[in-house]
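As written, the chain order gives the labels A, B, C, D and E, with residue 1 at the start of each chain.
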């Protein structure tokens, strides 16, 4: 009897944690449909370009949120991977003339490797000090790139002249807001799906356990360094994809994209959206962009208004927007169940 | 006789979890009361309610005959209730001596001070200037008891004080608790160690599933009989 | 020359130390990484500027410190206290929101241009040190820094309140269980922390300039100091501030190409060597 | 020296700065043996377990598991070789559901059955709860359960009964005995509950200030005057 | 039938590092817009503006500019940082927009990053540096110089150009120091400068750093012991923010209210009437930027960016500096430049022109732009 209870309880928790593959795919399909609808119903060019950039940052936020969720670590230096992706793509396109597709894949892989190596050294640093360490590393690169001369353009930034064909498509489709929005949206959905699938494997509970109590994780037989570094690397790679998208869309990359304040802003998006779910940070990014633009348009005191709203949201919704949505959804479900019963 | 502590139909919660259901109990000045029950029945929650660490959302709680409203964690100590918490809660970055001094934060007059605590637990004097967490588990328990006694409380709440202590030390504790009680300090003793209970307590509450299911005198009960009471 | 450079490092180190010690106080008691600390620094400078037009530098200093203490108290009473059960990241972002608000307020009142706060008459000249003139005011900064350090250490180490603060900074709940009113305590401590930020702002006024971005400029340096020192440790922060001051002064001369990277390199090196900072534990 | 001890410590010394917490302690566990390890508070029992499990570096001596020297191995390797432990200060995964953390603990070990362990320790009804919302005693049991998963060959338990109610500790004692008798698990049991220690141990080692004070069968130890004086008191 | 209004998108630095200049230049721009509308519009067209915050970063600047351009405000103007200008330049074609740079100084705007839709209405770095050598030749008795510059592209370029100019005159540079951007305490650098054998110091620091340096240089007595010559140093906002610390400093100046042209006289008079003081160099830069756009619109009699660009190319424009040409091959507005010093005039400390250099000298700089 109690075995049955245990079994169902376990199943229950697993279902809650990792929805079945089918359900994930269905949700992804729904998300794609949402993207298509948005793309068709938004006619304003200005709004479309805003949404495109929001989606690019949603990818960035997804990466940073993944680190926070699975490692419990805050990075103030993730802009490093975002900006570095742009510079690497730009440099490779300018210097080598390799096909852009290959350059992008190599860039993301290289950043993953770099982040993995870096993580092996730095993940031992606990808590907020880790955040400051990533800040220091990120800022060092910021300083280096700003000082550099030659084709990176130093503080003025670098123009990237992509060839006319990228991934077998016209360059223009990457630089026109409406088509680029779709591309970014698809990438975002695909990445969320991939990460969700990754967490369904043993990797999910393992990294969570390490986040909760690293020492005990070792005493139940798990080496903890590699998984933590792996989370960091995955997070950096997702962020790098965001950087690549940004470079494709704007054809420009500047040292400011490496600056810690960019990481800080994205961290706001992550917390705003809620870091307990994978998709929360992405929602946070979109909300941040729309709100910031709306406020900026109507007053010069956007800083105050934004600051106050940020505080209000954080105080009222401890688990972020996603947390609020989830809570609303469960209470709706309960209400429906009650009515049925 | 003053009622140092009185729960009347207390309902307490952690967030939305309802843990104490209509709990009523009281401790008079100078009394020696035990509170027993299996794991997870809510004994610590009684302490946490006193300390405002669980939220009181029904019923009343009185310290020294005064109903408590707008309770804060520090209220209990100021009303003369000192707590030896479960898990000890020794403050890591303070030395042993400083942990003890912190226990005397509310300056109440009475026999207990650094010197008398050191006399009771000589190991604490030996290590007075090392960090509190560099002690063994049992030594930390002594420190926690010493810290609570520094407040010269009129009621000492002990949440499983014998946990992790060597039998000789438990013997000592029994003597110490009795001495404290003889000097007028009331005791609320939450324990699993029945021999300690029989040696110290005079009255007993038994808890199950968040409620008090039995109350009675302990006088004359031996361990076996007590055990039967608890297991019901 | 080298003696002068060491002295220069000492000056900047002292300034950093004052800012950082406020940061450490607030972190220690509320576990809050206060991003608004830089804007408190700025606010102090501006308030001193406004008051000094009427009452001179001394008046400005007093006004700023008092005003900032009040701001700090409110910050704790209506902010940190209500958020004490929240995860530190959340509270950190709240302070980030406050930073935006403070900057906007300062810009609305004083505009966006830079101002200059004059040093008090008595400290204006120079004295000859090691054969070259050295501004008296800078020596005064070192003195203020030393005074602040001595007072803080004395207060925290040897006073009853100091004991409570150290207790509460590791385990507020247990400290409160002993009868310490931790709410009032942290109100006071955050007030002192904010006042120190304000003091640093005023002190820096005569040799930096007052601008709406002055806060974020100093914030990173103070974070570096606090983290190198080992979060929450005063002794660590003092030492780290002095080291950073020296590294910047001497780095500017002997490693000019790397000067910009030195603080970050220092922090990275220290943390990799000792992941929890110079002082493994807190004072 | 017999090579066939399940676990053997030879002349183990551990220091914390100036404090020598273990001073040349030797001890062995036969297969299926339950050995009680007792001693006054601060005697060095937890330190000894820390040293055996690889949590703390040792200053001198060596540790052998089933005859092979594991002194140089890390925590993870030792656990994978079958040396498992619990903690005096509860060490669990606070934010995770009990069922999930037990499954995880089982996943590294072939044929482990987490459900059975949970059932034995009465945790099955809590499987869906998050660990930091269960009572202290339940958390203590979870700590032990995490160590028991996969039936390790050697089990180091640091005061497993502390914080457990009489019922629960009796249940746990029965379970330990079952593990030792029927499955050949060797147990090193640090415990201050003399009823349990004398009730289920095959042999007992007494430490005092880091050194071996006495060793023998429960009856021998109980009769040892120094042990009575330094440790047992009225429990003798 | 009313003509289509001129829609201008002002990308303004309202937060971040360039807020002070942003506020000034916006004031100048708004003045120009009001002036035009009061006079019945630009060639009969009302002028409408939208203003957005670029947060002093290329990212945000691009976002705001793209939104403006895509919603019809496609005549862009405003950012301070060169990186923002260059980021905009890259996208003008795509957004069907035109951009007039008003305060960015990077040579790349009219150099390798030049394009058909981007115009430089202010003095580029090359134009500033072009007058250094002639000025040194006539006015500097000093033989040995020191340099203090910010450690990034602009500072290094400035330092190298200055070194060349000095060496061409057979003089020498003793020490060159580079301070990281964001340096707050310049004492270590000042100590080195004082210890060097140089008689004068060339300073190329950006806004915030510059203000800190100016104050500290005075504090240590560097200003009185050596002549200080600045690249972008003697500007009103620096003088105002440093309370006397800049007294006697020399440097390149792009503008002063006393410039003797009819247009400038009228402009300064109107400005005084409105604000009760003289305009400063940032305000005039903003004013001039809007004027360039409006004159382009008038010449093209169209608000289409392509048409306006075509009309501006090679055009002769009326500016406060007199008649100036928008050079056809790189879209640089060619105008006179000045050397001056900070002086007390009527009790007030401000930069005053000492030597004026004709546009022909200024413009004698090669550009690698091919338009």
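A few points about this structure:
Note that a contact is a pair of C-beta atoms (placed from the backbone, for glycine too) under 8 Å apart; a residue touches a chain by one contact, two chains touch by 3 or more.
If you're wondering where the values come from, they're calculated on a predicted model, not measured in any experiment.
Steps from chain A to chain B, taking the shortest chain of touch contacts, total 2. Between chain C and chain D, the least number of touch steps comes to 2.
For chain D, the chain with the farthest CA centroid is E. Looking at A-E and B-C, the interface holding more C-beta pairs in contact is that of A-E. Put simply, the chain farthest from chain A by mean CA position is B.
Inter-chain centre distance (chain B to chain D, centres taken as mean C-alpha positions): 29 Å.
Note: centroid distance chain A to chain C, computed from Cα atoms, is 33 Å.
Centre-to-centre separation between chain A and chain D, using Cα means, comes to 44 Å. One inter-chain figure worth recording: chain B and chain E are separated by 74 Å, centre to centre, where each centre is the mean of the chain's CA atoms. Shared contact sites, meaning residues of chain C that touch two or more other chains, fall at 103, 107, 260.
Residue positions of chain E with contacts to 2 or more other chains are 15, 151, 180-181. The multi-chain contact residues of chain B, meaning those touching 2 or more other chains, do not exist; every residue touches at most one other chain.
Of all possible chain pairings, those that touch are A-C, A-D, A-E, B-C, B-D, C-E. By the touch criterion given at the top, residues 2-3, 5-7, 9-10, 12-14, 17, 202, 205-206, 208-209, 211-213, 215-223 of chain A touch chain D in their complex. Looking at the complex, you find that chain A touches chain E at residues 44-46, 48-50, 53, 143, 146-147, 149, 153-157, 159, 175-177, 250-252, 254-257, 259, 262, 293, 296-297, 300, 302-303. The part of chain D that touches chain B in the complex is made up of residues 16, 19, 38-46, 88-90, 133-138, 140-141, 159, 162-169, 192-194, 230-235. Of all residues in chain B, only 14, 17, 37-41, 44, 86-87, 123, 134-139, 141-142, 160, 163-172, 192-195, 227, 230-231 touch chain D in the complex they form. Looking at the complex, you find that chain E touches chain C at residues 15-17, 19-20, 22-24, 151, 177-185, 187-189, 191-192, 194-195, 208, 211-212, 215-216, 219-221, 237, 240-243, 245.
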